[in-house]
Amino acid sequence: MIKFEHVGLRYGIGSEVLSDIDFTLEPGSFHFLTGLSGAGKTSLMSLMYLGRKPTRGLVTMFGQNINQLKRQQLSSLRQRIGVVFQEFRLLSHLSAFDNVALPLRIEGRAENEIQNNVNELLEWVGLGDHKNRLPMTMSGGQQQRISIARAVIARPKLLLADEPTGNLDNEIGFRLMTLFEQLNRMGTTIVIATHNQAIMENFGHPRLILNNGKLEIERPKNWIQKKIEGVF
Amino acid sequence: MIKFEHVGLRYGIGSEVLSDIDFTLEPGSFHFLTGLSGAGKTSLMSLMYLGRKPTRGLVTMFGQNINQLKRQQLSSLRQRIGVVFQEFRLLSHLSAFDNVALPLRIEGRAENEIQNNVNELLEWVGLGDHKNRLPMTMSGGQQQRISIARAVIARPKLLLADEPTGNLDNEIGFRLMTLFEQLNRMGTTIVIATHNQAIMENFGHPRLILNNGKLEIERPKNWIQKKIEGVF
Amino acid sequence: MIKELLVFIRLSKKDKRLGSAQGKRHYDLPLNKNIGTGFLIVLIALMTFLVVIAIITSFALESMTNHWSSGLENKVTIEIPAEKNNGSLRTNDEIKALQNKSEEKLKTLHYIKTTKSLSDLDIQDLLSPWLGKNVSLNNIPLPGLISIDLHTNTPEIIQNLKKEMSNINADIKIDTHEAWLGDLLKLAGALQFAAITIALIITITTVTAIAGSIRTRMAVHSEEVELLHLIGAHDSYITRQLQRHAVIIAFKGSLCGLLAALVTLMLIKLLSGEITEVLLPEFQLNAFHALILIAIPALACLIAAMAARFTVLRTLAIMP
Amino acid sequence: MIKELLVFIRLSKKDKRLGSAQGKRHYDLPLNKNIGTGFLIVLIALMTFLVVIAIITSFALESMTNHWSSGLENKVTIEIPAEKNNGSLRTNDEIKALQNKSEEKLKTLHYIKTTKSLSDLDIQDLLSPWLGKNVSLNNIPLPGLISIDLHTNTPEIIQNLKKEMSNINADIKIDTHEAWLGDLLKLAGALQFAAITIALIITITTVTAIAGSIRTRMAVHSEEVELLHLIGAHDSYITRQLQRHAVIIAFKGSLCGLLAALVTLMLIKLLSGEITEVLLPEFQLNAFHALILIAIPALACLIAAMAARFTVLRTLAIMP
């Protein structure tokens, strides 16, 4: 699904924020991405959602070397990736409904299909009553949920969520994690960047840990056990 | 310091987001404000930082009924309140340094005083090397720290922080909580809106809990003990 | 015109329900709700107004010059002096004979439109401001005068005319009104030059203003454009929306400006009937003029579309 | 001019190091780094350019009209007909006597600037296009003509002149050139009217454009304005910054426009020396004109400042 080989990233003429990143994420896997503030989680994510090209190294997504793809093909790839941005990035003039519907509209889906799917998902994230509100008039947590809904509405093959529970209380946070687990079981590869220890411990998925521009993978002790529980 | 009597708030023609809020915060107190996402924490804060007038009820700040104050006096009151906004609200064209220096500039402080204070505080929040960077080029957690630094730089009498550790790892989160405690010991009244259970439990201050537009105060069992520890 | 108005109204309606969930032609960018849309339309309208006024002025000046030229420039007077070169006087009959002979000749020349021999009475009329109405001219040897309308007035034709006349008699003089017409035509030429220059400058200003405003507006949306790009929208999907929006603004603005200018000109014509008659004795908007006027909104739309397209593509180009 | 340029350069420098930590005059709002600052300056420059051209054109037209008027409008011709009312002819001596008497009288009238009796030779000159150069006029009874320059030409004066002349002899006629001057003056009047109208419309457009652009720009910053307000900045603190910024933009733009217009006009004058001489035989920028031209940048700054102030205060007014 995702393969990074000797990937490095620097901004402008600064030093490398990421250096020599090497990892492979299997299709259908679920990982947490963690690290101190400023460690480069968001930067690594931006490479994965094709928002940036690495300054060196090789990135392979969906089995394709992204350097060899044309603009058109890159856009099509992006349609298969759902992203929850750390700063939400909602379109301020569109209602909650239209924000969530955006990926489907871009894919050119039929309007009645859009209506059904979006309404259902908005109910699920607890915003069924708010679908005609503008982002500006919603609380931080509500905005975050809309951005999560937008990321998952098109059933992406890859879901990248950057601090998706930062503004949410534990209850709704766990509820959304369950949503992600469910998506994962249906085949979506998931990477979640988070600082939240409680969530990482509760959902014992392997962790990608960023430190000084290097990436390490850490599997919690009870990982296999959880995995088995999840299946049954 | 803060006294709310029968305060209600509604947006436009919607139902009341806050209703019949009654509480008093003594000078020098430290409270957490918590509640589900969308409960009204940010709304209550906006009343406290005078960003909004209540639709009913009486708000008394610093011993003054805010309805009887003139615009000029309100502005002067605001200078004594430090706010960490949930969405940071940094000025995107100003460097980290200038963002933090803003409250001092507005007060008209001398430039060399500004230099010393701002540099020192930026070191403390771990951004000493980043002072000439624009917010856009910084990570979410770094931006949040700048917004915290801006809130405390002018040694406000009242500090209101909305989810100040949402984008921070535990380490730097606890470090900033220590900063808040220190300020509190020097006389600043503090209200922190947060979902973070770990922090609320670690720093056992009384909690203001918003639920269905009503406010309850809950004092953790070991509150008095912590209070005594804090003094000695 | 009515058809255009209908399109205009339909477009406006579309523009108003943008961002709603229904309908196929929706916008993902906060274009229509933007501060400054109204201002931009007003600006484009005013600019179009100025361009149209300037262009029509230059049309009118051209028509005026033509009128003057055709009225005066092509007029030539043939004079058969009463006095011979050697100083002796011609008799009236001699003059008449020469006059008739010249007129016969003139009628055979292809570049002559009309000829008219001035009778003694005509000449008396011409002289009356100086000599008084009832002075008898019988005693004075009056010259013979023939007033000619040419089809066009070129130096070659005048040359040829001189040759033809000197074949009849070497004394015959040709008066081309050059001295006193020259100043008038110079003035008109200068005015037309000025009007065209001004029209040109205003057009450039308008193009700058439209292109600049559109570009500024688009730049404001670069964040939204980036988001659309990141969630997989193809470049054409993004460009199409912004372009359509820009065209609608430009169309609204320029059409309003054009209509306002036409109404203003009609009002001016109505209110100052006499003055415009002096200015524009026979100016009528012809099909060519109408075409150019209709081309103005089209041009505005084109500029807006290109400015929008260019800006968006430039914004997109820096994204991988 | 040099002083202004210095101020201009100083302001530009200030504008560039905004947002830096040093210096007292800093900006807290992203004004100078804004997309569209350059465009706004160019727009204001172009608009100012147009206004200046229009205003100078109307000055020039005014000067032209004055020139024509003073050249022709105040000219009157007194004619002593060769023929008496009863049909008999006056002798040359009789005419000369009446002419002298009239001229004596005219010299005593306060509204007469100069008088000039036309000699027989002068009259022969006037008639020569029609009669030929060497026709002897000794046999013809020529009228007596006196050309007069009036200080001003009013109906009352003409009335009075007629009375004075009829006191001398009832036959004396007064020719005021009205018929053929009328058209010319009507034309000039219409042109001046047009120029003033255009200058006015362009001015209104400019005001709209400047005010609108500034307001749009300010509206874009409403979030930043709100933040400053929330952290305790007084209204005056916020307004001051935005106003200063708007004034700098307007000043830069309008000064560039004014200079460009002046340079253009000079170039036009240089390149088309002959044409402008016909158009503007004696047009010189006087102190009053210069004052109006200098007032244009000042006006632009004022408008910008007021637009900025108004918008910011309105933004602030909705915050408690």
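Going in written order, the chains are labelled A, B, C and D, and every chain counts its residues from 1.
Here is the rule we go by: a residue touches a chain if its C-beta (ideal position, glycine included) is under 8 Å from a C-beta of that chain, and two chains touch if they have at least 3 such contacts.
What you see is a predicted model; the values in this text were computed from it and never measured.
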Count of contact steps on the shortest path from subunit A to subunit D: 2
Chain located farthest away, centre of subunit C as origin (C-alpha): B
Centre distance in Å when subunit B and subunit C are each reduced to the mean of their C-alpha atoms: 68
Euclidean distance of C-alpha centroids - subunit C vs subunit D, Å: 24
Centroid distance [mean C-alpha coordinates] between subunit D and subunit B, Å: 63
Of all residues in subunit A, the ones touching two or more other chains: none
Shared interface positions of subunit C, touching two or more other chains: none
Contact graph of the chains (line, ring, star, complete, other): ring
All touching chain pairs, where touch follows the definition stated at the start: A-B, A-C, B-D, C-D
Residue numbers on subunit B that touch subunit A, as the complex places them: 11, 34-38, 41-42, 86-87, 137-142, 145, 162-163, 166-173, 195, 197-198
Residues of subunit A touching subunit C in the complex: 49-53, 71-72, 74-81, 83, 89, 91-95, 97-98, 101-103, 105-107, 111, 114-115, 150
Complex interface listing, subunit C residues touching subunit A: 19-22, 24, 26, 28-30, 33, 223-224, 227-235, 237, 319-320
Complex contact set, residues of subunit D against subunit C: 35-36, 39, 42-43, 46-47, 49-50, 53, 57, 79, 81-83, 87, 123, 126-127, 129-135, 139-143, 145, 175, 183, 186-187, 189-191, 193-194, 198, 201-202, 204-205, 208-209, 212-213, 215-216, 219-220, 272, 274-276, 278-279
